[in-house]
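Residue numbering begins at 1 within each chain, and the chains themselves are lettered A, B, C and D in the order written.
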Amino acid sequence: MFFASDNSGPVHPKIMQRVIEANSGYAMPYGNDDIMEDVRTNIRALFEAPEAAVYLVATGTAANSLALACYTQPWQTIFCAQHSHIEEDECNAPEFYAGGAKLTLIPTGDKMSPEGLSAAIAHRTGGSVHVAQPGPVSITQITEFGGVHTLEELRALTAVAKASDLPVHLDGARFANAIAALGCTPAEMTWKSGVDVVSFGGTKNGCMGVEAVIFFDPTKAWEFELRRKRGAHLFSKHRYLSAQMAAYLTDDLWLEMAQSANAASARLAAGLRANGAQMLHNPDANMIFARFPRAVHQKLQAAGAKYYVLDGDVATGDADELLAARLVCDWSMTDELVDQFLSHF
Amino acid sequence: MFFASDNSGPVHPKIMQRVIEANSGYAMPYGNDDIMEDVRTNIRALFEAPEAAVYLVATGTAANSLALACYTQPWQTIFCAQHSHIEEDECNAPEFYAGGAKLTLIPTGDKMSPEGLSAAIAHRTGGSVHVAQPGPVSITQITEFGGVHTLEELRALTAVAKASDLPVHLDGARFANAIAALGCTPAEMTWKSGVDVVSFGGTKNGCMGVEAVIFFDPTKAWEFELRRKRGAHLFSKHRYLSAQMAAYLTDDLWLEMAQSANAASARLAAGLRANGAQMLHNPDANMIFARFPRAVHQKLQAAGAKYYVLDGDVATGDADELLAARLVCDWSMTDELVDQFLSHF
Amino acid sequence: MFFASDNSGPVHPKIMQRVIEANSGYAMPYGNDDIMEDVRTNIRALFEAPEAAVYLVATGTAANSLALACYTQPWQTIFCAQHSHIEEDECNAPEFYAGGAKLTLIPTGDKMSPEGLSAAIAHRTGGSVHVAQPGPVSITQITEFGGVHTLEELRALTAVAKASDLPVHLDGARFANAIAALGCTPAEMTWKSGVDVVSFGGTKNGCMGVEAVIFFDPTKAWEFELRRKRGAHLFSKHRYLSAQMAAYLTDDLWLEMAQSANAASARLAAGLRANGAQMLHNPDANMIFARFPRAVHQKLQAAGAKYYVLDGDVATGDADELLAARLVCDWSMTDELVDQFLSHF
Amino acid sequence: MFFASDNSGPVHPKIMQRVIEANSGYAMPYGNDDIMEDVRTNIRALFEAPEAAVYLVATGTAANSLALACYTQPWQTIFCAQHSHIEEDECNAPEFYAGGAKLTLIPTGDKMSPEGLSAAIAHRTGGSVHVAQPGPVSITQITEFGGVHTLEELRALTAVAKASDLPVHLDGARFANAIAALGCTPAEMTWKSGVDVVSFGGTKNGCMGVEAVIFFDPTKAWEFELRRKRGAHLFSKHRYLSAQMAAYLTDDLWLEMAQSANAASARLAAGLRANGAQMLHNPDANMIFARFPRAVHQKLQAAGAKYYVLDGDVATGDADELLAARLVCDWSMTDELVDQFLSHF
């Protein structure tokens, strides 16, 4: 019963199989392997972006930091949600890669609001040399609270960015889960909604460690390649990244796994609600924040369930006190495990 | 006939097998997986360093840059060979990770000389605030020209560093090939010879993409962890790095593969010499620099041989003109392929 | 009637005179001039800190950024008030000098609260490698809103820092104005209250361009010297910085000028209040934020008064609408000019 | 008898006078003062560059580092002479400001050779992502060895740069001395010879601390302004920088002082030669490198002469042994002092 994160489950067998198949003979290093050719073609097709520049890296933080760095000058600020991954979970990697640029945090409830974004941009605008200059807007889809921006919400945010001529980055560590939730196309959720660069995450969705960075403006290609190498993120034996992504793209495996994760999460959310748990945020995709009694936490932990408790001490205190949990389902989560989890309520 | 590099061959089947075995159930992320526990224990045993801090990253450039950064202040200079990997092949990654520190190049023939190193350190010494301050000495073993420092040579260099209280980094992208050549122990080639931090390379020697960074001074551990995360080099699904390294360490597979590569290289070097090729450097391990006639290059290329030609144009010119080649053997190189290559002379 | 800032008035004649006197013969460069010897001695005496390391730079941003950098690792965060100079007016200089560290903003009313600081530190604490690690706390005295922390308030903040073993920086661009307001000693407002490093500002208080950076822990000395040089802030003809500071220290000129500025500000504040203006913050020293009718603004501007209007358009709108102004007095402000300003109400 | 450097003499009285005159009333801060308007106009006229972007900073290292940063990406390398100021005397400031870019050193005798420059550029060229990419060429005029590139030599170097589309920076810390030596115009020695950005040094030539940075391509203006602020090099009381430069430009004071310094140096060089001293380099302007016997050094030091001895110990050793000295004359050097120096031979 592992609900701690979607970064700890196994690699999908089809992906592992493709890696094994790639392990034959010699291959050109550093992204010049034949499999990468196919990956590039297939991603361009999937995103309906025949000119896009497509690259692979192995971690989500690398994808975010390198993509943002291509759009950020060191004297600028990146605008992001207060509780975004780039702010809270990347140990200053975005600042490092952007040469000491600043992150400006948009106060958020579940999602960044266009008004909050607009106010933050206005505060940095005016042409004075003294202030951090406005830089890119980074949106996370799905958010750190498990929310999915609708296309309308997404476009409202990118419209604010575009009104100030600012580029837009989409942190898509859980891109597939968002698509599965919205039922739209990758193009609709990216360039058709004003996104300039997106990380198309694989690691949290059944891959071993691979993220695609996709620039809809291909003039950023060479800069990205240099930044990736300088950041030590260019793999010599690149074919093993390519192979993961190749399998991920084949027969929409990426979407199938996300749908599976979202379905497990929905089953879990329904069960939690039925058992009286309080939802802290809307569980739009594969991540749930819910509050339930300490007594239940204690039973779950005794049964070996793994997940984050966000506040308080499970071991000691009033049995009825409500403690918040974060519960995440990945592609490999089964109905049986969900039901087993719920059986402790 | 792929002699271009040791970064393009397949992963050893035992390593792939271990990765497959690791792909079961849930595992703690970010280096807290059980396999890493074993890796740490086994590397400490192999290096006879029970206190060493041991970490994994996926690229050689990351290993070098992060290790050096832990020993370099931004106002210092790293001392290295003129034709070292960190100077010529890492696109300023060492400077990036070390916050803008400088590399001071020691003019080298085949290897860095203690005299050259000493003079370079002296030039930066004296307490003036104007000059780049002396920082770590980085030694590459095997060198970019295929040479292996003997233990005596290594100790002569580290003695120069220690005389100025400077730490020593060993770039061991081809560590195993050096051990295979010298027949000494890892401890003898590292901390017993004055090395403070070493990258124990796996990628060029049959792994998919993994390098161990080993600090003999464990007080650097937490700084390295933070630098690794900030550099976006901490893997969530870390078990797949651990698994590679676990197999690499089992039954001295790392040494067996290096011995195989070195033996292929020796067979090739002997054949080249027998055919009148000139050696530019001593091929001490698995890398050969040799000069032979254009006509032979043309035959080799026509036969599909892959390797770097370092000067001139193979296609056009005097058939007898000697052109230099770099030829590298990895673990998978066979006697048959070597002989096939030599048959074109 | 120049109330726009205290950075635009003339240099005090005694300071200019000392600069002129310094302009004779040869002097050792780079801070080795004889005048600097005296400055160091006198600052140590003034701060009752015989071991302190004392340096001069020419801008307040340099003083802040270099001082903070000596206490900040690139993977850490500096804690500061939401509306601090280092956050809003230094164009990412602190981040630049600290190698890409982050600023964490403490929501503030007039001043940073110990509770707010404590919560912000707690949010970054816990030993996870993923989050920006806690770094120094930076306090501005007087604040950007013109407030002066009492010694009790100051100590409450530094106590929070010390409880987490965090160093404390005091941005003293208007240090003298705070001392004039509190009537305490420099030692009481710094190391006796838990401050580790302070910038003792001269530029805004009658100097040409000089700030002293004072480390109460002298082990930071050499690092600061290297950072200052690397930042291009070490002056060859340093004697002209020394001369300014020497005159500033003589016969407590620094305090006399601050008292003069504060007195002018107090006269102005009293007059504003008498005329019905609303104070946005307590004008504790030489800076006033006040709201008064557009009609008055129009009269003042017509009369040539210079100051910042913080909201709205002076030229157009309801004559009775209240618009906020920032009004700053420097040492050279006279009663006549203040009264002239007030005469337009 | 101060021949140690041209950074330690007094400020020319006319410059001090102008600073005093500037000290009246209020002035707009941050470079918006009226005097700067005149400075900009006069520099554009002097350089025959009506569109040039003109800025002031207070140190030569700031001028070099900020100017170069505007033309350097962090993954590039700056090409410069092996013994240039930016390599040997700026404690990694150029690397810091350029985000971790590398300096590639051109082996030099007295001056950088076009062949050496060309070879160095070629070594970094070829489109590989692994190597530091070619960036700007930085030329020092006059060189650290006191040489002055003729216009022909300068153009030969910039032609190499332009052939690879690389921008050219001129470190003109002693710009005036070079003009005095060549008898050409500032335009001829800069943009008419292929220079894109120049630092027009004042500090070493009779100013207190001011350098102009002049971009012949004005599109770099805003980036420079942001980099200057972020580097903490924007002065609030900027008028005192402006005043120095204004006086420096008036009636060609800059040239008059340089001519005076060069003349003193020529008198000294002639005397040294007449006394049998060996010249290490051609003393083209105001800097001499000469070798003469220890006994003479001892007499000079006893008489209080100040200068750098580059090798060996003056106090102990063979009286006849030749030791090298660096001797620099500034604008204030007199015939009497030169003759007094020579009298010890």
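Here, a contact is a pair of C-beta atoms (placed from the backbone, for glycine too) under 8 Å apart; a residue touches a chain by one contact, two chains touch by 3 or more.
All of these numbers come straight from a predicted model, not from anything done at the bench.
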Note = When A-D and A-C are ranked by contacting C-beta pairs, first comes A-C
Task = Average the CA atoms of each chain to get its centre, and name the chain whose centre is farthest from that of chain D.
result = A
Task = Could you tell me the distance, in whole angstrom, between the mean C-alpha positions of chain A and chain C?
result = 42
Message = Taking the mean of the C-alpha atoms as each chain's centre, how many Å separate chain A from chain D?
response = 51
Request  = Note the residues in chain C that touch 2 or more other chains, in rising order.
outcome  = 74-75, 90-92, 96, 99, 129-130, 133, 226, 229-230, 234
Note = So, in the complex, the side of chain B touching chain D is made of residues 74-77, 88-92, 95-96, 98-103, 105, 129-133
Ask   = Touching chain B in the complex: which residues of chain C?
value = 30, 73-75, 99, 129-130, 133, 225-230, 234
Touching residues on chain B, where the partner in the complex is chain A = 2, 5, 7-11, 16, 19-20, 23-29, 57-62, 65-66, 90-93, 96-97, 203-204, 208-209, 226, 229-237, 240, 306
